[in-house]
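Next, two complexes with subunit A in common: one pairs it with subunit B, the other with subunit C.
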Partner chain A sequence: MTTNQNRPRHYELVRRIIYVFIALAVIVSYFYHPKQDFSPWIEVRKVYDKVESLSPGDHLFISIDYDPSSEAELYPMCLSLLRHCFKKGVIPIVMTPWPTSVGIAKKGCDEAVDDANSMFGKKVVSGKDYVFLGFRPGVQNLILKMGDNLKGAFDKDYYGQSTQGMEALAGVSSLRDIKLLVDLAAMGTVELWIAYGTDRAGIPMATGTTAVMTPDLYPFYQSNQLIGFLGGLRGAADYEKLLKIPGRGERGMPAQSATHVLILLLILGANIRMFAGRFLRKKEGLS
Partner chain B sequence: MSDHPQADEIQAGATKRRQAIEMGALALLVVVFLTVSLIRQNPFAKDADPAKAIGLIVAAGLTLIMYSFLYRDNPLFKIGENLYVGVSLGYTVVITWREFLRPLVYQPLFEAPTAAAFNNSLLHLAVPVILGILLLARISRKHGWISRYSYALMIGWGAGVAIPLVTNSYILQQLTAAVKPLQEAIGPQAAAEPFSQAWFAGTAGPVLGALVAMIGTVAVLFYFFFSVEHKRFGSAVSKLGIWFLMVSFGASFGFTIMGRLSLLIGRVNFLLNEWLNIPVK
Partner chain C sequence: MILKRTIPLLIVLGIGVLAFMQDYVPHPWSSAFRNEMTTWTMVIGGFAMFLGVYSLSHMHITKIRRKMPGWGYSIFVFIGAIGMIAAYIFSDSIGALSAGTKDEMSLYDWGYNYILIPCSATVFSILAFYMASAAFRTFRARNLAAGLLLAAAIIVMFGRVPVGETVSGWLFNDRMVIPNLSKAIMDYPNLAAKRGIMLGIALGAISQSMRILLGIERSYMGGGD
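For the complex of A and B:
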């Protein structure tokens, strides 16, 4: 069994050198990045097309199921989706079932509202052009409740405005009145939203998830339980590219590429060393 | 103690020297960090926002402390780790109180404007609040059994609601999606023009995918099925299952690497762009 004690002495040094190389690749990419051309994934394009097909006044529901530890991947997606909504006049309804996500959800709303003003010249108002409902606990129960009565689950929004008679929620009584539901998730909530929310309400659903979770989404995508998804930082970059508003996603792509190339070179180098060592040992053994 | 006391002494001396060098390097890094922070984010500057500047310095410091684990586990990392857990918990408690317990439980019961409003709140909240309080009985070894009433309700209700919904979403709809391409391949529409260009483009791909998924599922399940000895044909199926598992793990591992690097990229962007104020090109 391999333990820290019986590892080769140079192991720690090599490990640290690899970390330094990875850090350098990311830092250098920040200062120098050749223009990269990449075509968005079909899964992302489907989400973009769906939002693009919505009419002004339609409602898009965004559930923030990530906390600051996943900000790097999911925050750019949240920002792009909100910008897209404000650009098109679609009304986003934002909420979170996690207490640690409240701050980051509010930050996303505030930044997108500022962007709507500076980018599209629109003055976006809470309660009229968007709703930030804030936090309620109990994921499954909350989803079930919203499936029957959204305003019953959230009687007030985050800012204390009553949801009854709120202009932004006109025509919305439950999840069934939503045109698209997007779950931005770093936790296992996608399956819950599918089972308890969208399959039950019969509304289309898309997701934006961390790269780690992305492979698990394909079965739901192939069964049309998801219309599409944004996977990791690449998914965020794809959406920004389609929206033609560059952000943190696209900015991170050169560093992603540089580190991936570095990792491939390290794997190649380690394999060459292993096979060369094996060949030499065999040769010494024979001679 | 080993049989060579002199060697032990040399070893102890080397360890002490290394620790002294590490402590010196750490002190130097702290000084460099504070100097750079004061130059780039001076909270005492005339036009500075002190709260924002101090927040950025603390965030940058904690980021670097967490990454110091890559060199070795150290006391600063331990402080950062405990701070993370403590702050998360504290934040959760405050938000839960501010956003949920105070407006929906405390205010309707203890700040009810009229007696009628209080009675109405009591009627709606009494049972859930009591069941919630019963859960806290778990803390006591003697009275822990009381919490079983709440758990029984939670599990019974949860299972009752979950079983039909989960069966529909995770089993029936998945099975339908798995079988649908095969059904379409032998359906009347496909039979009209079998093996045409459109058939290959529209039907053959999904059919192939469905067959691969079906074979893969059976092979992987068989790999974990130990009631039959894996010999001859069984061995071949089992090996195929391993291949499917390896492909799946490879895809997951690739995405995991991508995810972890994204987190690093996010932090480096924060350090360079926000802490050091270096504009993005």
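For the complex of A and C:
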């Protein structure tokens, strides 16, 4: 309360001006969307190449570890990965250990299935070409359980179909039978998947995370515990570019560029003002 | 004392040692034990959700009953929760009282897709405004360390977006100097710092686990000792 009273009078005005500039930068660049050229990062290319190297009928496991608040960054990644799987004939197995993520995982599956029909002319069927397992609680214990017995952890899929004898899960008894595991995470689950899932099962893993989480992944990437990662909206845009199917990632790049440039200008402006003030005070002190 | 302290400590020690050992014992009994324990914890995790619902409801009912500041918002907690539970139960496609097919969008899906997702995403995106304002007010090169941090932040922020590549091309004759510098900062100083922090956290977690297993750390049992 006292902090607000002690603030300079121009403080609120400056804050509001900054908000208006940010809003304008996002809105104008999103709708104007100038074409921006960029090269996909090597970390993203490695994930793309790995999925590309899979054969039809191989299984790719996707864990949805984000909720609707991180939808802007992670949903485009989920969509691109599923589209890539359906394009290649790879069978995605989708699940989530978070109750609030079930809807967003289902939305991704439904949209990618529709896209497979319209883009690749494939009739994708649940239980045959992909599996959406839904939610189970437990996180690390669930991961351990799937490492031993995947169908024991999920006896039914989200739609109530039994996983025993399911065509899409033929040849899959545990995580060891998965060719690539991708964790799309806005929560601290990457370490759990590495420690309890992929390292034990001896399978490759990749991640897609929010931009603020991406710096945490570098130690795992350097130690080859991650084959690659998609970092933030830029990671999603890179994957879309490699897949040659534009989406919300690429569409968001101009807005992200504009906002970054604006924040940089604000920081530089504030620093120039600070140094100019110091210089003038010093000059006045000398005279 | 025995029921409240000794037996719980013995259970923690016994289960903890067994859970630790199962990684080093390649015997069917060991994996059967792990399988059984993971099933137990998943079931307990499911019941923990009821505890969460009870705790949340209790807090908001108390707020409403005592007309505490902001009590009106607590009503919306119940409207949202009861509305979504009802929508799921009476869902056309997949709810407990389902009748339709999974291809149809249920009322629950509608609520999730058109209320929860936009509201959550909006609240999260407001961060961009706060971050811009906070960066303007506080990110100053007041000394050498702050100056280095500022320089690194500017390079990384600029190098991670497409406009950084475009500007780098203009300034450095089509060479990706800024993105490469950004990558070098992430690949070396960032990696070294993160690894150090992670090793420190891991060592702390090991020592804390040992303290719990040996009964030295007992705060999880309540009572504050």
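Basically, the second predicted complex is superposed on the first by the 285 of 287 C-alpha atoms of A that agree within 3 Å, B and C clash if a C-alpha of one lies under 4 Å from a C-alpha of the other, contacts with A are read in each partner's own complex, and residues count from 1 in each chain.
Here is the rule we use: contacts are C-beta pairs under 8 Å (C-beta built on N, C-alpha and C of every residue); 3 or more make two chains touch, one makes a residue touch a chain.
These numbers were taken from a predicted model, which means no experiment stands behind them.
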item	value
First, second, both or neither for A:194, with subunit B first and subunit C second	first
Touching partner for A:71 - first (subunit B), second (subunit C), both, neither	both
Which of subunit B and subunit C A:224 touches, first, second, both or neither	first
Touching partner for A:57 - first (subunit B), second (subunit C), both, neither	neither
First, second, both or neither for A:248, with subunit B first and subunit C second	first
Partner chain in contact with A:277 - subunit B first, subunit C second, else both or neither	neither
Subunit B versus subunit C as contact partner of A:144, first or second or both or neither	both
First (subunit B), second (subunit C), both or neither touched by A:31	first
Which superposed partner A:266 touches (first subunit B, second subunit C, both, neither)	second
Set intersection of subunit A contacts, subunit C complex versus subunit B complex	19, 22-23, 26, 69-72, 99, 103, 136-137, 144, 158, 211, 215, 219, 222, 232, 234, 256, 259-260, 263
Complex contact set, residues of subunit A against subunit B	16, 19, 22-23, 26-27, 30-31, 33, 69-73, 99-100, 102-103, 134-137, 140, 144, 156, 158, 191, 194-196, 199-200, 210-212, 214-215, 219, 222-225, 231-234, 248, 251-252, 255-256, 259-260, 263
Residues of subunit B touching subunit A in the complex	70-71, 88, 91-92, 95-96, 99-100, 103, 158, 161-162, 165-166, 168-170, 173-174, 176-177, 209, 248, 251-252, 255-259, 261-269, 272, 278, 280-281
Residues of subunit C that touch subunit A when the two form their complex	31, 34-35, 37-39, 41-42, 45-46, 48-49, 94, 102, 108-109, 112-113, 116-117, 119-121, 123-125, 128-129, 131-133, 135-137, 139-142, 150, 153-154, 157-158, 160-166, 176, 183, 186-187, 190-191, 194-195, 198
Parts of subunit A lying in touch with subunit C, wherever the complex brings them together	14-15, 18-19, 21-23, 26, 36-39, 41, 67-72, 99, 103-104, 106-107, 126, 136-139, 141-142, 144-145, 148-149, 152-153, 158-160, 211, 215-216, 218-219, 222, 232, 234, 253-254, 256-264, 266-271, 274
